[in-house]
Each structure stands twice: as structure tokens, then as C-alpha cells.
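Chain nomenclature is as follows: A, B, C and D, assigned in order of appearance, with residue numbering initiated at 1 for each chain independently.
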């Protein structure tokens, strides 16, 4: 079991020793059971911290803000930022290291083991509770969740309400950390590609009609991109809502900016945007599932990223985020990469 | 009677092998259907997935990327990167529901004029029955 | 003003009678409720809450074509006006907050300059409100922003669910016209109907859990703390996505772009699309200077627009308390909490 | 608004026969930004070019598209014309409507439509082209030659004679290479040492050659015209300036190890001079063999005791020398294929089974036997000697598929010289076929057969084994189909030629490629045989492929000439269509650095930086960049997108 007290203790130590600039963990939203990222700046604030099955957020994403802040400030405080990370989150740190976006000592990592569980899926929880409103959602004893409803305690087997990504997780233990809380417990690996198998089996037109429906309701609010630990580009090639323009940018450079996707939210543009995102995440996505979770119209974005994850593994033997020293998927090749599709 | 559907194919040809192979097809007067619009690039390795998506979005019925055979790349290894990158693109497009015939890759060397001309024949033949590509095409 | 009742069993017939309208009714989708015009649905589901994407999208769509342009043979450019098509529409199930939101948008797109495209759609739209029995979300706080679960503002009709029937209050001519499409279905009200309706309204009011106290003090307070670092801390986990604004029923900011369809001859169109103050490029100047360069200034803009500028302009809040921005924020930024802390800041 | 001119060539009827060129010009005239469009029968002719020049001047064109044949034919022509008209040549582009259109289609309307689409695309490209100037860098007028065999010696002398400084690096203590081990050379049978030694001396005396023996290239960075090379100078522990070559040291040295110069047929001391004519003429202490070099071993120091001039210095340390050079010639030579791979021929088991170089040493007057042919086992003169060709070569299943090229000739020479020494002896040669292409080579082989009675047997040897003091050779004569058994006194194996040991690592340091057999890969097998794929690095001698002395010398002179072509210039110029980094967008992820085949990109302060001299403009970096932060000038993603739009929009 991950001990919250121990977590608080570690964070307090890191803050009071001045080792970290600030610490990002999770706190409850109001008095409810849901949580949000919490920025802890003072040792006395560590009591805000929680560790529950609702800690979905991949906090690694906030390193982008820190990097941008450093670039803006004249004499930035370059102490590391402290983070709580799960196994998947830790792999996204490895990808950022691999891509030299951050250095190892930019981040102080408190890794937490997901042990036999992980994070929950709210829809599954609501379905399970059949209309009842939970007051608290906690980790139970081995492999269960404890949900408090109407002051009663209900024990739920983890697989019943676990997020899909957790069911398909290749490593429930942080692969990089300064401190690790909880035990490394090998979990029975399920089918890592379970969620996409049904779609792979569909007939082509059936698949198209599925995806057409999904993409046509995209609002292009860019929450998927904004929450993604890998989407750190200052200017997105697909459709930028931020332009990396400075006083030094020449008129030519501005004129040469390519607009691949128009701003209109029609199907063609939505598809283009999501295709670019999927292909740019190939070999980089750690399946933290955040894009899918935040989508207000619930486009199943994981299905895209998971497909790319599977192809990278099956075609090129490539696994994401376990080794920060490996070359990026598309920046390397093997002489015998498959080419049966080439005429 | 309505005219037969004529697919429009955008072909990204590497300068040193495939475009030279297409030139050889020309020099040898090997006829092939006029449905392909060649865009010469320096190397198949320079073909970004964005180019493929863009061609589809602008209404191409088919996209071809053609480079040097493995080991023959003028730039030593550009085609190996292309092969890996575009394999993923192909998988992705098909997963979304695009007909596999609509995005193709080939190795055509500077001596393979015959192969190039045959390839275009085949592509056109495969694309005709599919009709226009409307899935990714812009509507306005 | 006309008050009637209609049996729920007659409701489908009413819908069917609206042949000359495009009718939108809430439909359950896997991601939540959507206003759908697929002609299949003839009643409002009893567990309907509110649509994820508010009704504004039917009046102020995410994409509006202004005009098309085309090069003519003598190389001049011809413009062709594109206007929203003539098609009267009825939206059923508009929650009172969303109705008030439309009224707020009317102020923005009306006044001394009327937005042609907005009003063409707006005038063709009949909003059939549905008073809340239950707060549609746990984050509802309409009472704090001068609204209520049975507010009539902006609506053409307000329905109140009385179990087997709806209490129907036609508020405008447009509303009355809708009733006249099937007059036989509507019954005269009885005092009991009215009594019951009042009870439902009051009960609903009592069920609202969340409150933003002292909202009218906020304009002054926001001014006072405008330059403080309060906003930095509050925005520290903001992702700069567009959820809070795109799904806000009152947010109405837009961007205008030209899209080229072909080069020879030159053909294209000018379109308006939603935009949001939460995107960094919203205030980006071509020089590279951005007057709102960070998340703090963007969060402040969103709240100041709703609780300061709008009040100065129109003497009302630009927030209707629907709570969507709270429920949907991926990182739990809660407008009630932020404003409450703002009010208490420095105390 | 851009002002583009479009010129459509008829190419006689080559284009106009299938494409309605008038229509192409008329349609393009309507394209936005096109202010001039015309057609002409032969655009590449002088009048045609003049039309372009005139239009540029009169209509103030800022970009030009010529719709004509393939750019491989006339791009340069039209760019020169553009330049003549005062417009930057990179503002001219070619639309290929002949090879890729008119010549391959029949239906005129469709071919015309296609020509219009192609030309539209190119118009959209050219109007976004920048005016570019060739990039240039200064040149360090000094060459590095790696390898001190005959190829390296020749290249060094040629370059130095032309007036440039040369640094010649040799890993062993003396230059000379394998040629110094040879007895006589085919087909003239002149003494190898006699023709080599004067060249070695010339190297040592040349004022512009800096000779660094017992040295190895450790690190290479930079690029053509501007390489930075770190050279490790290993300690010899003997000061060559003090050494008088008195040879007292070797007499007292207690350690004997196999002598590599004699291919292990004799021994040498731990302190040694490789051979009497070695350059530099000095001794070296083999630190791997000398016990005095290790703290833990018994200190010996006997050599130092007897060295009167005090030339021995045990405190000598390895030294790293850094040099700047403008060009590099790689001439690292060959080694023989490892004989232990040939168990069926009994090598290593039987002392009288030798390889070609060992037999050279037996033939050499300075060799272990003073030039007499004696069996290593019993020092008796062999009366029956079997020579086996293609050992390890031309054997794709078990060994190497290629022909080692020189073995036919040297085996003929060996057999002939054997007969000259042992008149009553019999030489047999097993061969697959005889390859004697080369001046006077065929005649030479005939002399061996006809004048010296060498018996050539066409076939392969299956086994060699010892029986009763004789080496029994089993083989088949494939001409007669008969089994052959020869009881020989000596067997000489013509081993395959392999690249010298350590060359693969050197190639990595130089960032040059190897071919499938491990030799250095040339840039083009026919047209660029002395160049590597890396600009400024040239290949000479057997490191590139097996070759004989005249070929190695010839290639060395070729490589030297190529190197001099660089060194003779003050600055190098290079096509400007290279990659450029948009620094605002670059996050320094380094993907472009990994994919660049030319090592042209590096990370500086967290951003990619392109070395414009090394960049070949292939664009692989650009496609790998997730942010389009690196783009090839005049073929940016923006260019491509606008081309796509224009091609499909018509």
C-alpha cells in the first residue's frame, strides 16, 4: 500500500530542504472525492495532498509550463520541480528525457506503485453504483477499491471499474524515480491491445463510419493536446493556437508558416488534426489516457494512440518510455523493417 | 453516359531513383495513364506524413510515395526512415477506414522505367472501382 | 402571455405538428446529452439533464460562412454573400440558464450594430425552455447569478414537468405560435396546475447546492486585485484548452479567416469560427507581442469578462451559473471557488 | 503580388505532339501571379533562352517556370539564363512535361490537363522560392593520409609534390606496408624492396610530409575542407634521433616473439626494428612483450643498459596530436584472410602449409632463409609444391563471395620463382580459372606454364593431410574428371584479401560506409571510384577492394588529385538548398541529428544547427521533425503543400 503519510513526509522533506522549487501532487476538489493537480509550495501545505484512485492526471505535463517559465524569466530558479508519478507517467518522463526536453535534474520524482490496481474510470464507477453518488473513492485491500456511498463502505474488485488503460498497462511501477512508494507487485498482464481489437476486426467501412461519427463531433477545444505530456511544441503543426513568433521572426518566416488544418471544425479538418496527432504520438505516447479522459465529447482517442503503440511494437519491436537512451521510433530503423506493403 | 471515373494520384518521387525511373519510362516511351501528378522531392525520406494527409485532404484519390530500393538511397538511408514512417501512416489510415489502395509506397530505381509505368497502370486500375476519395477530402 | 398544460402522452403529437420547423430535442449520446434534430425523438427523456454543448451552437454555430469569393475572367474578385438558410427551428429542453445565456448573447450581437448572421438564426429560433426539477449538474449555481431553475429570460416557452403533463407558459409571440400549431392538444390550466408548478419551482430551487455569495461585489474586487499575483496561483494548473469557453453558453468570441479553395481561378470563402480567450494566439499580435502572455492573464480575462466588463456594459453577469466549466474542466478549476477566493483575497 | 513568367516548350513535336502547349500557356496565364506566359518551339535554344531573358527584363519577372524536359537535362541551362537576366538562378524552376507527361501519354486533352497541373504546382513552388547564394567555407590546405603502404605513400608524395602539406599516419612502426614484405613483383619480376625503398626515403625526407608512424587516428570531426583529427602517437620508448641503429639492444633482449614482418616464420625481440630498411630507421619496444614495461613484472632494462647513446626512454607516454586538415585519403590496405578458417587445408596443423605472404618471405633475399626455399619443418628443399588458389575467395557459401583479384598473378609468380630456385622441383597450381587481365599479365602466366613447366590443374582441393612426412593433397581435375592425389612437400594457400584489421572502427570514426564485404564503399562504383560518400574523404588501395600494386598506385594518385582539387581552392562552394532550422520552433529533441546521413546537424544550446557544407539537402530531417522546425530551403513543407493544392486544384 502506498502510504499517504509517507508521501507527505517525502514532499515535506523535499520542500523544507529547498531541494525542490515546488511540488505537484493531487488534492481533493472541495469536499468531494474527485481530485485535481495541486501545487504545493510550502511544507505546511503538504496536508492538502491525497493519493486516491481518482488521481488520473499525468502531472508530467506541467513540466512544459515550468520550461516555458524558465525561458521567459531572466534569472530563473532552476531547482527541480517535484512530481508524483504513476508508472505510465514515469514513462512519459523518460520520453521527455529521450527528446532532451528536460534534463534528469529538472525533476524530482516521487514514484507511486499502482500495485494491483490503478486509477478508475468514472463512467464505469457510475455504472457500477447504479445512480448512487460516491462520497469517497479509496484504495481497498489488495486489488480492490473502497467506495463510500451514503456512509456505507462498498468494496469493488479493481477490474470492474479500472480505467481501460490500467487494464492494458505494460508496467504498473515507476521506471524512473528518486523515491518510490508502494510495492512492486507483478500484475497479470492482460491483453495490452484489448480495447482496439474489436475495431481492428471491423470491416473497413464500418470502421470508417465509427471514426467519422467520432471525429465529426470534435469541437477542436484542444484539451487532448493541452493535457498531453508529449504535446510540448510551442506551435503545433496541425493547428496552432499558439504561434512561436518573436520580434526576431521575419516576415518571410511568417509567410512560410504552413496551415495544414483550417480553423473550421468540419470533418476533413478534424480528421487531419487527429491524424497528425496520432502519427506524431507514435512511439511517444505512453498511454496515460489523459486525452481521452478530458475530451468533453468523449472521442475515444486512446484507440488511435493504442493502435500506433501496437504497430510500433509489432512492426519494429519498439516500446515507449522504458529507456531514455533509445533513439526515437522514427529516428531509427532496422535493415529488416517490414516492407511487404511496398511495391 | 457518364464519363468513367478518373482517379487523381499525387506521386511523391525521389529525385535520384523514382523520378529518374519515371524519366526513363518517358525516354523509352512506355505509355501509362495520365492520372498521376508527379511531385519531385529530394528523397523519399523527406516525405512527411503531413504531405500524405494534405494530398488526401485536398482531394487526391490516391497517394504514392516512391523511393530508391533499400541500399540504393542516394542519401544512404533516407528510404529506410521513409519505410518506417510511412508504414505507420499506412496502418493509421487503414485503421481510420481509408481503403488501403489509396496510399501506396514503392521502390522504383532509375533503371526501372518499366516498373514505374506498370505501377501507374496498376494503381489506376485499383483505384477506379473505388470511385472518388471523399472521406478525407475538404468539402468546400 | 398564455398558460396551458399538455399531457405528456400528447407531447409527441405536438412535436409532429411542427412540420414547418426544424425541431431539436435532447438525445442521449454516449458522451452525454445532445440537441438532436433527427426526427426520431418525440419526447424529452425524464432523466434529461442538459446538453453538453449548449444551445448557443444552434444560433451562433462554431462555423459561419460570411461570403464566398471568386476571381472573375477580368481578374477582379466577386463576392457572393452567404446567409444562414431560411429554416425556422425550435429547440426543446432549453434549461433556464441556457435561455438566459442566449439573452446575454443577444446583447452582444445586438445593440447599435446587429450581427446579420446571428440575428438571422436567432429570429428563426424558438426556445422552448424546461424548468429544472433537479439541478442538471452538481455544480449548478444559477441562483447566485440572478437566475433560477425556472427563469423565463430569453425563452419563448417555459415548460414545467408536472409528472404526467407539462405546465406550458408561452412567453412570446413565437411561443404562442408554437402552441397554435396544435391548439387541441393544450388544455386550460387549473389552479391546481399552477399550485403544483409553484411547488416544483420552489423545490428545485432548494436542491441547488452550490452558491457564489456576493457576486455583485465582484466587479470592484476584480478591479482591486487585477494586477495581483492571485491569478498566477489560481491558474497554475490551467492547461490552456478551450473547454471552459467553448462549452460556456454565453462565451461568444470568434475568429475570422479566409479559406482558399482553389488558386486558378482564385476561389474561397470567409468564415467565422469560435475562438477563445484561453488560447494563447487569441491576443497574439503579428509582431510577436502578446498582451495576455500567460495563463494567469487569460484566466483573469475569462472571469473579468463575465463578472466585470459585462456588468459595466450591460449591468448583468455574463455567467448564468450552469456549472459546465466546473464539471468539464480537466484540472478542476472551479469558477465558484476562484471567485470566492477572489472576494476574500487580501481580507 | 508575385510576378511569375511561364515558358512552355514545344520541344519540336516531342511535347507539342501530345500536349496542347498553347492551352497550357493560356491556362497558366490565368493563374494568380502569373504575368507572362508563352510557348516556343525550343526553349533551350539561344532564341528560346533569349525570350526568357527578355521577358524577365521587360515584365520585371521575379520568378520563372520553364515547362519542358526533365530538370536533369536543362535546369542548369535555364538557371544560367535566368542569372544572365539579372534574376537569382534559384528563382527558376522546371516543370517536367516531357519525360513525365508528353512522352508517356497519348490522349491529348488528358496529357494537356496533366501538363497544366504539373506546371501549376511548380508555379506555386517557384513563387515561394528564396533567392539563394551558394554557401562557402574556407579550406585548410593540408591533407591527412591514413596508411603508409604503397597507396598511402604514393598519395602523400603526389599531394606534397603539388605543394600541400601532408600528414601521413601509419599504425605500425614503419611505413612500407605489405609491399615491403614482397620478394619480386609480377609481371616484371623486379625486386619489390628496390622499387619501394626510394619512395619510402622520399617520404621521410619530404619537407611537406609529416610522418607519424606507430600512430592511429582516434577521432575525426568537422567536414570537408575543415576536418579536425586527433591522432594517438603510441610511445616507441626509443628516441629515433638518438638511435644509431647499432643493434646492441636486440642482442641482450631476452624476449622473443613471432616476427610479424616474416609472417611468424622467425622470431624477433621485444625491442626491434621491423626490417633493416624501415622508415623511420629506429627501434621500437613492443610494450605488450617487454617485461620492463610492467610494474608488476620483473624489471629488465637490459636494452637501456647497453644503449650507449641513451636512446631508450621507458617514460615515454602516449601523446594525442590534434591536426586540422582539408581532405583525407584512406589507404589502410589489406590483411590476408584468417588462415585458421581453413582447417581442411591443415593450416596451423602442418608447418609446411603456408600462405602467400609467408612464401614471399621464403623467396625474399632478406627473408628467414636468405632467399632459399626451405621447408619450415625440416629446412629441406621441397621438391613438390602445391599452390592452391581462391582460398576463402569466390566461396559465397562458406567464406567470401568476391574474387581477391591478385592471387592468380602472384601464384603464377610464386610457382615461377620456385622453379627458378629449385630447378628439379615440380609446382602444381589448383585453380578455378585464371584471371590475368592486365598489361603483360597473360603472357606472364603463359611463361610460367610454358617456360617453367608449372602444372596447372583446374579444380578444387578438398583436403590436405600429412602422411609419412608428406602433405597429401586431394583434389579433382575438373577438366578430366579425375581424382588427383599429390604427395607434396609444401602447400601454399592463396588466401582471400581482407580489409586490414581495425578498419571497420576507423570507418566509424570517419563516418564513411563499408560495403557488404567490409571494404570501404566508394561513392559510385563507376563514376566516383576514389571518393567515399562523405565529402572530402577519399579512398586508395586495397582498403576499397583487392587490387595489385599498379592499381593501388593509380587509385592513390586519383585520390590525391581529388584531394588536391579541394586543397587548391581557397573556399569551397556548395548548393544552397540545404536545411535551415527555425529556431523558434526547435525544441532540441535531436531527431534530425539522429536521422541525418551526413552528420550535418548538431545540437548547440538546445537547438539544432545545420552545417551547410555537409548538408546535402535530402530533407530527411525535415520529415522527421514533428514541428517542421527544420526545412530544406526552397523545398519546405510550405512549398510542398502549395504544390499539392495547386496540382489538385485545377
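We take it that a contact is a pair of C-beta atoms (placed from the backbone, for glycine too) under 8 Å apart; a residue touches a chain by one contact, two chains touch by 3 or more.
Worth saying up front: this structure is predicted, and the values here are computed from it rather than measured.
> Of the chain pairs C-D and B-C, which one is connected by the greater count of C-beta contacts?
Pair with the higher count of C-beta contacts: C-D.
> Rounded to the nearest whole Å, what is the centre-to-centre distance of chain C and chain D, using the mean of the C-alpha atoms as each centre?
The answer is 73 Å.
> With centres defined as the mean C-alpha position, give me the chain A-chain D separation in Å.
Between these chains, centre-to-centre, one finds 50 Å.
> Any idea how many Å lie between the Cα centroids of chain A and chain C?
31
> Could you say which residues in chain A touch two or more other chains, in rising order?
Residue numbers touching two or more other chains: 237, 245-246, 248-249, 260, 262, 266, 330-332.
> For chain B, jot down the residues that touch at least 2 other chains.
Correct list: 49-50, 54, 77, 81, 85, 138, 140.
> Could you tell me which residues belong to chain C and also touch two or more other chains?
In chain C, the residues touching two or more other chains are 259, 261.
> In graph terms, with chains as vertices and touches as edges, which category applies: line, ring, star, complete, or other?
Graph shape here is complete: every pair of chains touches.
> So in the complex, which bits of chain B are touching chain D?
Counting only chain B, the residues touching chain D are 6, 8, 10, 19-20, 22-27, 29-34, 37-43, 45-51, 54-55, 58-60, 73-78, 81-82, 85, 117.
> Across the complex, what residues on chain D touch chain B?
It comes out as residues 70-72, 96, 98-101, 103-107, 110-111, 113-114, 117-118, 121, 513, 533, 595, 597-598, 616-620, 622-624, 628, 632, 635, 637, 640-641, 643-645, 647-649.
> Applying the document's contact rule, which stretches of chain B touch chain A when the two form their complex?
49-50, 53-54, 57, 70, 77, 80-81, 83-85, 87-99, 104-107, 119, 122, 135-140
> For a test of understanding, state which residues of chain C touch chain B in their complex under the given definition.
Touching chain B: residues 259, 261, 269 of chain C.
> In the complex, go through chain D and note every residue touching chain A.
128, 130, 582, 584-585, 587-591, 594-595, 603, 606, 624, 626-628, 631, 636-638, 641
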